[in-house]
Amino acid sequence: MMALYALVLLPLVGAAAAWLAGRASPRAPWPVAVATLVLLAALLAYITWAVPAGGGPWLAHASAPWIPALGITLRCDMDGLGLVLLWLTVVLSFPCVLLASRDITDTPGTFHALLLATIAGVDGVFIATDLFLFFFFWELMLVPLYVLITVWGHEDRTRAAFKFFLFTQGSGLLMLLSILGLAFVHQQQTGILTFDYFALATTHLSPVLAMGLMLGFFVAFAVKLPVVPLHVWLPDTHTQAPTAGSVLLAGVLLKTGGYGLIRFVVLLFPDAAIRFAPVALALGALGILYGAWLSLVQDDIKRLIAYSSVSHLGFVLLGVFSASPLGVAGAVVQMVAHGLSTGALFVIAGALQDRLHTRDLRRMGGLWPALPHLSATGLVFAIASLGLPGLGNFVGEFLVLLATWRISPPIAILGAAGLVLSALYALTMVGRAFLGPPPGDGWPALPDFGARHMAVLGAAMALLLALGLYPQPVLDLSLPAPLLHSALPHAALTGGPRP
Amino acid sequence: MTATLIAALPDVPAPVLVLAAGILVLLLAIACRRPGRESGTVAGAIIAAATLGLAFAGLWSPAPPHAADMARLFAADAWFAYGAGLILLSSGGILAMSWRQMAGERADEAHLLLLLGTLGAVVVAGSANAIAFFVGLETLSLSLLGLIAYRPRLPDAVEAAMKYLVLAGTSSAILLFGLALAYAETGDLRFTVPLAANPAEPALAMAATLLVLTGLFFKLSAAPFHLWLADVLDGAPTPVAAFIAVVSKIALFVALARYFAMTDLTGTAWPAQDLAIVAVLSMVGGNLLAFGQTKLKRLLAGSSIAHIGYLLVALLSAGPLGAGSAAFYLAAYAAATLGAFAALGAAPDQPDLAAWRGMFHRRPAVALALSIMLASLAGIPPAVGFFAKAYIVAAGMSAHRMLLLAALIVSSIIGLCYYLNVARVMMTPAPDTAAPAGAAASGTTVLLTALALATVLLGLFPGPLVQRTTALFRSAGPGGATLAASHDILYASTPPPRQRLLR
Amino acid sequence: MTAAPAQALLLASMLFALGLLGVLVRRNLLFMLMSIEIMLNAAALAFVAAGMRWHAADGQVMFLMILALAAAEAAVGLAILLRLHAAGRPTLDADTGNRLKG
Amino acid sequence: MLALLPPLIVLCPLAAAAILLLSAGRMPPPAARLLAAGAVGLAAALTLWLAVRFLSAPPPAHRLDVVLWHWLRVGGFDARIAFTLDPLSLVMMLVVTGVGFLIHLYACGYMRGDPDVARFFACMTLFVAAMLVLVLSSDLLCLYVGWEGVGLCSYLLIGFWYAEAANGVAARKAFIVTRIGDAALLCGLLLLATRTGGLEIAGVLRSIQPGGPVAEAAAALLLGGALAKSAQAPFQVWLPDAMAGPTPVSALIHAATMVTAGVYLIARLHPLFLAAPAVMTAIAVLGLVTLLLAAGSALAQTDIKRILAFSTISQLGYMFLALGTGAWGAAIFHLVTHAVFKALLFMAAGAVILRVHHQQDIFRMGGLGRAMPGVFAAFAAGAAALAGLPLVTAGFYSKEAILQQAWRAGPVLWAGALLGAFLTALYISRCVFIVFLGPVRTAPTGRTEASMAIPLAGLSVLALTGGLIEMPDAIAPVHLLFRLLAPVLGPPTTEGAEGGAGVLLLAGALAPLAGIAVAWGLWRPRAGAPAPADDGLARAARAGWGFDAAYGLLLVRPFLALGWLNRRDLFDRVPDLLAAATRWGARLLGRMQDGQVRRYAGWIAAGTVAALCLAVRP
């Protein structure tokens, strides 16, 4: 199905169009970007609709030769997990474009082009099943985002963008080593040099080797997710990125880490992953607590949200390494919910900065009367972020903790303790920004959220609510494809021996 | 007459002949030129371009009949054809770059020197014999000296030439002494690692090899023999700097690979160990050096040093991928480095990085092109450098060069810093006082566009080139004498040892 | 190896070392160039000695080549020294007046 | 038909909340008031109808299951959004909607003039909906939704007047302290779900192995949640501060309903707790300790709402004591009566506060009985019920039921509970005497409007007569409530019909009377202005026995201080170090290129020599 390629090509074409439009008029790129996104959504809807009923876990395929001499192909396959994350990408790109990027005045054509190019790269990551192709997209999606941050970011953008790029690229090189190592071991065993995901999954690996290769993947994804000792790029980057960049980073880019952990670390190296699980679980719990703890003491609102991301994504790590479908489903729901809630929080933080010209919570307070709509949405998403049952985040966290409890109650208890801390920082943020008395002699008249913002954020809220109350469609999609009925003939995640 | 000449020189590949003939023609043209008239420039450039084009076409001429192995001067094999092709294309690019850059005064002589240098490079790339190699190398060096000092108005050009003169002379002498020792030990002048006559006493052969390597590494500017490069590139006119960084390095690397064609470079024994040390020093040192620079040319010098290190990793990764990746990387390196220098040439008189602030606003096309080139050098997709580096890493993986790869990764990350820094500088808004950058010469524009396109397209579709580079070392059938030679030249004769790590 | 070529090689090596030392310790550019010539000639001598050992003409051919190229190099080198002077460098001291560094 | 009613009853306030939220403050205040009170009133009416239908024709096994939809079904785990209607949930529904409706009615008057009344009522109705979900759920995870939902509404309403920074802090404190318990509760749910395969209450209770470590651990974890929600020691610190919210909120959430959720939870899961005897003992002891500590604190307070807050903690202690002794019915009975009389007390106090210009210090009030006799009467009725004035108040009967059960469990518990009854009468009498008798210190203005007076009157009647549905055998064998609850909580214990019942009853009746008498001796109207006691004991009691200070010193401060120290993120220094090392290396290499051609040649020579040495070395 060529439509899969179109998922990557369409945003690229849109990017080119937006850039060209930007040369014509500074007002032109925005509608072009919106139109591209609408088309992309329509395309994805078509792909979703065109999935043959009962056609197995892999919903769509595409393949074409790329570098035949090295066995590299343009192979793309989409399963439910990919589909969910693709939808998340498309859905979250709407707030980026509709809310954040319209007010860009500095070469808007380039801005929108880069935004769309990032989306193209992310789309590619979610569908590529040739490991080299995956790596290509993995590295590709960083570049436009780097430029976005460097040019349109806030005061300390250079350093932040540097850190972001170096961390992700550096860890990506480790993943490259692992990809190549796996391919060569496979070549030794079969005589065929290939980077095909399904072929490589059948490689027999000694325990030591499997662990080494898995760690290469793990580090790359752990940086992206992020996992705690490797998270240091994230607060800076999220803080300094322009609003659209922050939304895209938190909402979508981090999810590529979780996706990679599920798709590659756990499924390609099930045994090694199980042996590694204690460490990963400990790291996950550490991330939950450490992120929440540091989130609490931040004065910069975007930094606070960034650390809260670290905390939330610790749950994803727990879920992925809990070695059960329950945990993986929880991790996916958590990723989607975190994308929606944190993305919205970044929109709100960006709007605050636009209005107040500061992100410092010490200089905020008492904004509710001045900006009732903005404050109310801020409160709502903060509550979602602290994991209130009935909203999507809770479903994810609960499933993850349930899966974790089965293998390690102490880790699950630590994770549950993270819920207390998340309440602490979320409510502290709300309290410091919106409640209390205003500083000095009150706020001047500030423009509140208009219908556009309320509609988009309301839609995000509705999705979170739907995810919280009826997550079954996402659970059904995210779960079976890669884990139970995958094309791989091994008992993934069950710890069973490989055939 | 040509026919008899070819008959008399059965061993000489066609491009060498074409270049020599072209040089003669250009000399004649210069001699006939009436003094004081500028019209010679166009004619000279046309002659130079035609010569390069014809030489390139000559790559497809049937291989000359093979002389006896011992007496062979040239190895006109596929590896040579590939290297010479890259050299000729790069020279063509530099010709385009220098169209206006070197002109103004006596451009014809510049073109002549360019052709001479190209001839030297092609000879170096193809030489199978110490004599041919030495002659080619000196032709290259001497014409480079002329080119570096060509524009006396550049204040630092002469100093650069002086440094090059002294250091290149020293290194040539060292190399020559090594060749002499090798000859003394083995009694044949083949350009290859000498085998000790008495295996129990390898000292003389080893010393010979090391002295030759010193000379080669100097020209390649591998650390710790790299110190001259930054100064010389800094002082030389931009097209000449490009010539040094691209053409001369390609030629020398091709020769280096040929020099080690019969040697087992797989293990950690000598000389692989020496090469590995040099590779690590070059990668880390080059990148660190570039990291601290504020002048673009010096930065590119550091980058060039580091890339030699990467190429050495490919060379050390014996096996089918190693040779192919080295060949591919050469092309990627040539395109990107040439492009970077072309971008520098497109905005002349801005050697300092600071002067490039706001380039994305002032000269977006040039800034974009330079960014693409730097991305390629840094190994960022979609530029071709991404795949090239991945290819080298693949080769290293397949040959279990884990330590080298670790150094490669660390140094690549350092490298990212300064490449990104350049991009960032170009993205930061310029102060209003920044001088408006002049328009680029048309030749540079064309070259830059072509290289940018090539870099991106090759990055997106590296398949054909990979096919080609792999075929260089694979298509040897029992009947193809020429290619068979190349086959054992770069295919390490011993298979890689079974993988310790993987067992 | 018979005695004569070995001794010649030893002599060449000593010459070569002297030349290299000259490059390293002399500050005058002219003397540095001369030292390089010494090194080249040492190599040429080594070639001749080696040719003697193998009773082949190759060494002598190489010697001729080196001679020619050394001459060419000297010519270009002297021209560059003149240029250096013309560009305003007061002395031929290699250690002073260097602008390219860092 | 019957199955439709529970979801419909939940939907009424939920829809009102949604409308009020989505109207985003554009709705005129009268419409908001009408909508909220109407929705909760409708829910109350429907609940009444449901109760009538349920009681007249009970469904089989006295329970009605309504499955709404599958919530999570993945990897062998299945949770549903489902309701169970049985006598226990019916009683709770009646309390929530009935008392809730009266409080909404009252709030219509109380909040008149507040510009943000739509937000207020949105949260209030949302709370009612969440509370209904809590009591109706047949699945523990679904219950958890309501459990957290009421906590959220509590947070929003405590901090309703957000302009005051202290209110926000109090709201946060309430949420976070209860959240700690919620985390424990969640862990309990995880444990149960892992061990029993699901969270459906009936299924969980069926698969419990008595006496096992799982039952003990699960019960302990669930108890953690219940303690925090019901403000029992050691979590009681949040409730007094929660009085920062508007008075109707205190009445509804922090007296009548939400804080009793812990009691409900334990009663609902009583087979689990029966299987964990150690936890049962802990419940009883903690209940008793809380009861006495809070009563002591109430005695030293000067703020009328804080007196009532500590009183609530203390009364909840009674309920926990009852639970700990296995008297589930008695606990629920006291829950119901307490909901009535404490809501009455809060609303009467609110009426007083409104009339005296938001003065809350009882020592600035005084003599208000003459100015507002109706309110005085209502407050007195509530106080009497709280004190447990024998025979004529609801509180007497419910407390009596608990005392009897405590005697059976052990004389120590009984003595403590009796002391508590004495203290209760003492502190509430103190409050009544100081506020309503004696000279006037703050002149009241205005008058209490009808929408506030009607609920007061209604609840007064209930507070006095509500206890008649359930009486000790020594007075009259009326057991309407226990018999109603029997299908859920088991038959009421009858072994208590031994000889001493009459004596116990007498003791239970005399304790409050003694308390009132002592209070009259201490705080009866005198010439001089009464002043709060100010010795060390009183100060400690007023400060809630130092729990707040201890927590602050031991937990909060160190946590924040460490966080503050590490706010720049320790790990973030690593990249800086690497960058510094790189710069240092670059400088070093840059220095190597000093432009001296001889030195360059020297490096070449050195490199060669080094390579030679390396080669010669074997």
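Chains: A, B, C and D, in written order; residue numbering restarts at 1 for each.
Going forward, contacts are C-beta pairs under 8 Å (C-beta built on N, C-alpha and C of every residue); 3 or more make two chains touch, one makes a residue touch a chain.
Molecules present, by chain and UniProt name: B = NADH-quinone oxidoreductase subunit N; C = NADH-quinone oxidoreductase subunit K; D = NADH-quinone oxidoreductase subunit L.
Keep in mind it's a predicted model, so treat the numbers as computed, not measured.
Chain pairs B-D and C-D differ in how many C-beta pairs are in contact, and the one with more is B-D. When every chain is reduced to the mean of its CA atoms, the largest separation from subunit A belongs to C. Per-chain Cα centroids separate subunit B from subunit D by 78 Å.
Our note on geometry: subunit A versus subunit C, Cα centroid distance of 64 Å, whole angstroms. Separation between the centroids of subunit C and subunit D, computed from CA atoms only, is 96 Å. For this pair, subunit A with subunit D, the centres built from the Cα atoms lie 38 Å apart. Multi-chain contact residues of subunit A (touching two or more other chains) are listed as 166. Under the contact definition stated at the top, the residues of subunit D that touch 2 or more other chains are 590, 593, 595, 597, 601. Among all residues of subunit B, those that touch two or more other chains are 162-163, 166, 170, 174, 230-231, 293, 417.
By the definition of touch given earlier, these chain pairs are in contact: A-B, A-D, B-C, B-D, C-D.
Contacts from subunit C toward subunit D in the complex involve residues 20, 23-25, 27, 32, 94-95, 98-102. Touching subunit C in their complex are the following residues of subunit D: 590, 593-598, 601-602, 605.
Taken together, the subunit B residues at the contact with subunit D in this complex read 162-163, 166-167, 170-171, 174, 203, 206-207, 210-211, 213-214, 217-218, 224-225, 227-228, 230-231, 270-271, 273-274, 277, 284-285, 288-289, 291-293, 414, 417. Every residue of subunit C that touches subunit B in the complex is listed here, in rising order: 1, 5, 9, 12, 16, 19-20, 23, 29, 32-33, 36, 39-40, 42-44, 46-47, 49-51, 53-54, 56, 58-59, 61-62, 65-66, 69, 72-73, 76-77, 80-81, 83-84, 86-87, 89, 94, 97-102. Per the touch definition, subunit A reaches subunit B in the complex via residues 65-70, 132, 135-136, 139-140, 142-143, 146-147, 150-151, 158, 161-162, 165-166, 169-170, 173-174, 176-177, 180-181, 183-185, 188, 206, 209.
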